[in-house]
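By letter and in written order, the chains are A, B, C, D and E; residue numbering begins at 1 in each of them.
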Amino acid sequence: MAFHKDHPLPGSRPGTLVIPEGSPPPKIHLVRYAADRVESVPVAHPDEIPAMLRSDEVTWVDVQGFGDEEVLRTLARIFGLSPLALEDAVNAPQRAKSEPYDGYQLVISRVPQLDDEGVIRTPQVCFVIGPRFLLTFQKDRLGLFEPVRERLRSGIGPIRESGPDYLAYALIDTMVDLYYPIVESLSQKLDDLEDDVLDEMSPGSLGEIHQLRRQLVILRRIGWPQREMVSALVRERSPFLSDTVRNYLRDTQDHMAQIAELIDSTRDLATGLSDVFVSNLGHRTNEIMKVLTLMASIFIPLTFLAGIYGMNFEYMPELRERWGYFLVLGVMVLVALGMVLYFRRRGWMGSPPGGRKPRRRPGS
Amino acid sequence: MAFHKDHPLPGSRPGTLVIPEGSPPPKIHLVRYAADRVESVPVAHPDEIPAMLRSDEVTWVDVQGFGDEEVLRTLARIFGLSPLALEDAVNAPQRAKSEPYDGYQLVISRVPQLDDEGVIRTPQVCFVIGPRFLLTFQKDRLGLFEPVRERLRSGIGPIRESGPDYLAYALIDTMVDLYYPIVESLSQKLDDLEDDVLDEMSPGSLGEIHQLRRQLVILRRIGWPQREMVSALVRERSPFLSDTVRNYLRDTQDHMAQIAELIDSTRDLATGLSDVFVSNLGHRTNEIMKVLTLMASIFIPLTFLAGIYGMNFEYMPELRERWGYFLVLGVMVLVALGMVLYFRRRGWMGSPPGGRKPRRRPGS
Amino acid sequence: MAFHKDHPLPGSRPGTLVIPEGSPPPKIHLVRYAADRVESVPVAHPDEIPAMLRSDEVTWVDVQGFGDEEVLRTLARIFGLSPLALEDAVNAPQRAKSEPYDGYQLVISRVPQLDDEGVIRTPQVCFVIGPRFLLTFQKDRLGLFEPVRERLRSGIGPIRESGPDYLAYALIDTMVDLYYPIVESLSQKLDDLEDDVLDEMSPGSLGEIHQLRRQLVILRRIGWPQREMVSALVRERSPFLSDTVRNYLRDTQDHMAQIAELIDSTRDLATGLSDVFVSNLGHRTNEIMKVLTLMASIFIPLTFLAGIYGMNFEYMPELRERWGYFLVLGVMVLVALGMVLYFRRRGWMGSPPGGRKPRRRPGS
Amino acid sequence: MAFHKDHPLPGSRPGTLVIPEGSPPPKIHLVRYAADRVESVPVAHPDEIPAMLRSDEVTWVDVQGFGDEEVLRTLARIFGLSPLALEDAVNAPQRAKSEPYDGYQLVISRVPQLDDEGVIRTPQVCFVIGPRFLLTFQKDRLGLFEPVRERLRSGIGPIRESGPDYLAYALIDTMVDLYYPIVESLSQKLDDLEDDVLDEMSPGSLGEIHQLRRQLVILRRIGWPQREMVSALVRERSPFLSDTVRNYLRDTQDHMAQIAELIDSTRDLATGLSDVFVSNLGHRTNEIMKVLTLMASIFIPLTFLAGIYGMNFEYMPELRERWGYFLVLGVMVLVALGMVLYFRRRGWMGSPPGGRKPRRRPGS
Amino acid sequence: MAFHKDHPLPGSRPGTLVIPEGSPPPKIHLVRYAADRVESVPVAHPDEIPAMLRSDEVTWVDVQGFGDEEVLRTLARIFGLSPLALEDAVNAPQRAKSEPYDGYQLVISRVPQLDDEGVIRTPQVCFVIGPRFLLTFQKDRLGLFEPVRERLRSGIGPIRESGPDYLAYALIDTMVDLYYPIVESLSQKLDDLEDDVLDEMSPGSLGEIHQLRRQLVILRRIGWPQREMVSALVRERSPFLSDTVRNYLRDTQDHMAQIAELIDSTRDLATGLSDVFVSNLGHRTNEIMKVLTLMASIFIPLTFLAGIYGMNFEYMPELRERWGYFLVLGVMVLVALGMVLYFRRRGWMGSPPGGRKPRRRPGS
């Protein structure tokens, strides 16, 4: 699928939101919690939110769908979001990034998702980390935050004792972990293609290798900025991130580095496999050519010989001899043998049909 | 189109302007505005300008066309431009850049434009940002500043309350936003070519892939310095740029980074598609060779056999036998079957005409 | 083998351990030593360990197998390991890295191992270097620490007089040294393949070159982070590493740099060899084509000539002439000679069968 | 032309000059000037120079040809040049560089020149910038300083009011400007080759593309160090360069950066064009193969059929039938039609002779 | 030749020396000198050395061959060498490097040597630069220090007045200068291959291009660390190197940078030449195919036509006509002309035999 961004018309005011026709209206989800309690509160309209904020609780407001600009602007006003920050949250896709603002830290994180047809989608989530609140903006309901919601509800681990920075970390870490199954499935796919290319060369492999390379290019395009974003979170000392959380993020950073390297080395292998495909094709053309050349070189001269004695000249002395026919047959056998010997000497005959099969390739 | 720069003869004095024969004379456009008013003043000759400047207004002087050196030099004198700065403005193309001068900040920005024949033009605009004025130099009238002019006229947003730095930001941001439609159209074009290459392999695709790669190389050549230029504006603390504007530019910087990465990943995909084209070609040659080899290998030996019994030897015992003809026909059938079996065993027969069609490739 | 990591489900708490079904239970091995003594103590359960620690001895606890989470958590509690550190130790593979923690330095080191089928395995060892203790975690018993154990037992060299940092250095250095035989064997393999490709072009070479490139990609993926890890140990001034040990590590760093460069230059050569293979294939196809074209071009016209005089027209004056047959034979010889001359002039005939053999290639 | 450097025998003393047999003797050219005067003084022997130096004038000594070591050493003694600096000036080619010395700044600058046969020569000029003097060393008379000499004579611009640093800047800037025509001509050449490759594929194109890539590699080899050299002049605060001149050099630096990027993007395009050439070749082979396969597949079976009824068996019932001949002709037509249909269905027939012509490629 | 390093078994103590079976015993060569004298003293056993050291002289001890560990360890003891330093000196090859130690500076330098069979050997020399002594370790007698010895003996230049740092510089500079002839010979070789590939395409060229690329990969592997090593010597302020010598080394650094760039651009050209070879091969296959297709397409239909009238049907009316034979001959000529016209129109006929020869390629 070609790249498309919901960007405003060139020359628009900064902060212009682009909301495609027919976008679903925002669903707002508010969770507030402290060490000893957690409460999920339905929000019909953002105007209700200010009354729900309590200073001794952490508030998490999750917005899904951007279909109503008014609602989004109200939310921004309540939490002090600048128009530029709101633009980053709504006009997707943005590069993954971490940016300090007055009063909050803005983080854009992207996650890969393989749909049923093998198309990689790369939705983004925008995090606004404040002193006692966390806002998250998603265009479509992705369902990827369920496990963290469950952890909040059950209260296991430090999640409820910690601030909104830990919650943001938990969500970002979840998103980073979602890269692993994708990369592993592409790595597995490459393995399967490798078996196919080395053994059978089915004609569709070429398209599939290209598809794989395409998926890896897209993964790379979102993965490297994601890596930078996590590193920036670790490196820069945002006042909205505690040292503890920064320590946890160091781990996320390692994972993202490993993922980025995996993407690159898988890309290398996929490129190599393309080369093998082409070489193998060349090898097969070669094999076919050999057979053609062999058949043609043996039988075309013989046919010529037969043609000579098929001529209707009245005076062709050999035709009258009793041994003529058998002599010619003998000469034909000799010529054929000669050709076969010549081809054997050049190494164009005698290799087994399927070629020597390469040993299994090694893995990581 | 080959690269061409309007550069002076080697050894010329610094500041020499190169004005091609037949350049249109400069049209000067002056707009002055404050929070509560905006006025567009026609300028016949630059000498009129000093009288138009007011200290409580921001003045924007837009110069289109460089056909009269005298006029340009007069302008430079009025606003205190150094000859080198004027050279940068006039002798296009320059690399995109941001350079501090005494009394103003010089910015060169370039924008891609696809003309009707698919040729990418990359005109430049030179910005001179002073304390209360903004100069812009364009070689040809590009029309890309219309939306910003409209914002000035309508007075919506902070544009009239801000200084010339905000105006410059609005114009540069507009130019950066103009990269998106180009990159998206190239990305779409790549998608179409991909469908074509995987399905039909129409003979013109190769030229079109090359054209696409060429366009991407040119985009890259202007896009990366543009990215650097915007980053330099954000990073360096020019006295002519307020912190607010620098904050806005951070957003432009993100966009330019995203564009640069898109250009590079599209380039990667285009290169990959070239490879697929070549491989596919090899695959087709292979298929054609198989048919040729098959036909030749089956019928050439048979023709030889027929040739033998077409010889006119007087003594060929088989010819007299009643069963001779039918026996030979039988042998021919056996030979043909043998060849078919051999080719089947090597896997050179029996694949469906068009090959297995690859699944749709995934998108971003 | 496709990449697989024992990573927890996305959204799990940090510190979640992933222990695959059927993992063997941990075997714990404790060695404590001082300059004048060394003692190997069997450990049935980690709870026994605290009683074994003595302040005047260095204690090395080696854990092999992660089959029992309870045991691992107990160990972590005894030595003050954070859950994240334990996760790094257990959820393999991690990137090689060196990370400071309160109370210890965590090091992840990876080592390549070629199994019998040429598959590269890259197990990891996790080191926890404390002030008076060293923990090592291995998933499977690798046996690679035997030589160091032997040095401990024999007491030769400074190993028993030094702290746990020297022991860790000795083990890491051993792991780095294990890269050499692998790289050398791949380099040797490349040499063999080169001979084959330049001389015989056996059909399996292509798969073997691909296998080699694959092995090198994997080596690179673990080798470069390993290089970074050793450099970080040298560069960062961890309180758990003495200057002496850091000096020793500088040497390990040189070795790892040499290995990384070797991997890259071998990769270069392997890529080059792929190109040679493809070119050589093209050259062979060329040779085959020449023979085919030669045979076809000579005999097809002659067969046509014979065919003409095989026609059964009643009025064909030449057929009645006594010299007709011999004239036609003469014309045939002339045509054949003409073709041969033409092919000689174009340089398509007369090259010796196997081509000029290239000189031996030079080595490092 | 292979790389050749006039380097001394390994193990020679530093400062050894290498003067090839038959080098022309040095011609020394002295110009001294102040704001209100300029004088060109002939120099027969360097010993005359000290008497010509005046403290209120800038002296420019230009040395062309290195055929007499004695003369060069005398010059070095007069201006206090170290033997190493003299070696850099004489033993060409050196990398472009800028190096501070006690009492002067040494600059090596290189310039590309296309000779009539398309060979790129890259002569070097060595600048020694002192407080009141400028030395320039050229191996052969290049004539590239004429325009600057003219500016000195006419006294237009700041050249006579400024010090030797401005003179050096003017000369270096001239050399940098000389890169533009070369790069533009290579870019134009690439355009021509592109038209040829996409339309006609004349057989010499391949060699010309290679020649172009070779020229670009050489340009790159001298261009990048040249870029570094100019940047170093701007960045480092040499006491022999005033701030004004450093400001001018910033412009030269932009030009050199633009040139370096142009070289690289032209290189990219040339590589891409090589790929197009190869693909196009593959496409043509394909086309040729199709025709061959078509002809062979249609006529070989028909010839076989004709061959059957050319056999001389006594008992072939069909031969006696009145309709036999016409039936066989009919079967032949059917077989031919069947083959044609089959080829049409596979898409191997029916494409117009020259293929769809690609649209014009876009330019910069 | 595959990479091989004399490395100890993994797990060995640091400082373990690896001395291959049959290594020649060390020959020790001592030279001591001051400004006014130089003396070469034979050394039978290192124990004699302490008595030979004089504080007013510089002592150079050159060790050739490592066949006796005892001797080497004694030497190390006398000059205070650490076991790690001795390991670096003996277990070759090491990466080129410069490392500070207490009491001396350790430098590893490598030099390329082309043997008679075109194999590149890359022996190393280890320098230990002390305050008044210089140790050099070479595995085999290389003879490359002769010119410097000669300079010592003759006393020309500053060599006898300077310390061991100048001597080390002179030797390292000699080694760097030895890169030039190698690079130049490879550059010349590339030129010859280029002529061959563009003109004759002799079959061995492919192997020779590969050999050249291999040599360049090896040169690169040793050249880049060598460049780093020299740069480190210039950059780091070792107490054992005077400022004067560091100034001299700046020159060596320039040379090494030039060499490294030459290696890389030659590599680029060699890769390009491989591509040309492959394209040229494709072009030739194309040419051959054209001839084949032409011959087959013209004569196969004609043969079929002749075959028809060679059939023995009793009722074939044309056969009885007097004009039948000549009519068929006429039709054959028309068919042949039609094919020729078709091929001319497609541009497959009429190109001159050898193709347009490309112009000479340009040089540096």
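One rule holds in what follows: contacts are C-beta pairs under 8 Å (C-beta built on N, C-alpha and C of every residue); 3 or more make two chains touch, one makes a residue touch a chain.
As the structure is a computational prediction, the values presented were derived from the model and not from experiment.
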Quick check on the contact graph: shortest path length from chain C to chain D, in steps?
2
Chain D and chain B are one sequence twice: same or different residues at the contact, by the over-half rule?
different
CA centre of chain A versus CA centre of chain E: separation in Å?
40
When centres are defined as mean Cα positions, the distance from chain A to chain B in whole Å is 24
Chain E touches at least 2 other chains through residues 278, 282, 285, 289, 292, 296, 300, 303, 307, 310-312, 316
Have a look at which chains touch which and call the overall pattern line, ring, star, complete or other.
ring
Round the ring, from chain B on through chain D, what is the full list of chains in order?
B, D, E, C, A
Would you pull the chain E residues touching chain C in the complex into a rising list?
1-5, 7-14, 84, 87-88, 94-95, 97, 99, 114, 117-120, 122, 200, 202-204, 206-208, 210-211, 213-215, 217-218, 220-221, 224-225, 274, 277-278, 281-282, 284-285, 287-289, 291-292, 295-296, 299-300, 302-303, 306-307, 309-312, 316, 318-322, 324-325, 328-329, 353-354
Touching chain B in the complex, chain D uses residues 144-148, 150-151, 156-157, 159, 170, 173-175, 177-178, 180-181, 183-184, 187-188, 190-191, 194, 198, 247-248, 250-251, 254-255, 257-258, 261-262, 265-266, 268-269, 272-273, 275-276, 278-280, 282-283, 285-286, 289-290, 292-293, 296-297, 300-301, 303-304, 307-308, 310-316, 345-346, 348, 351, 355-364
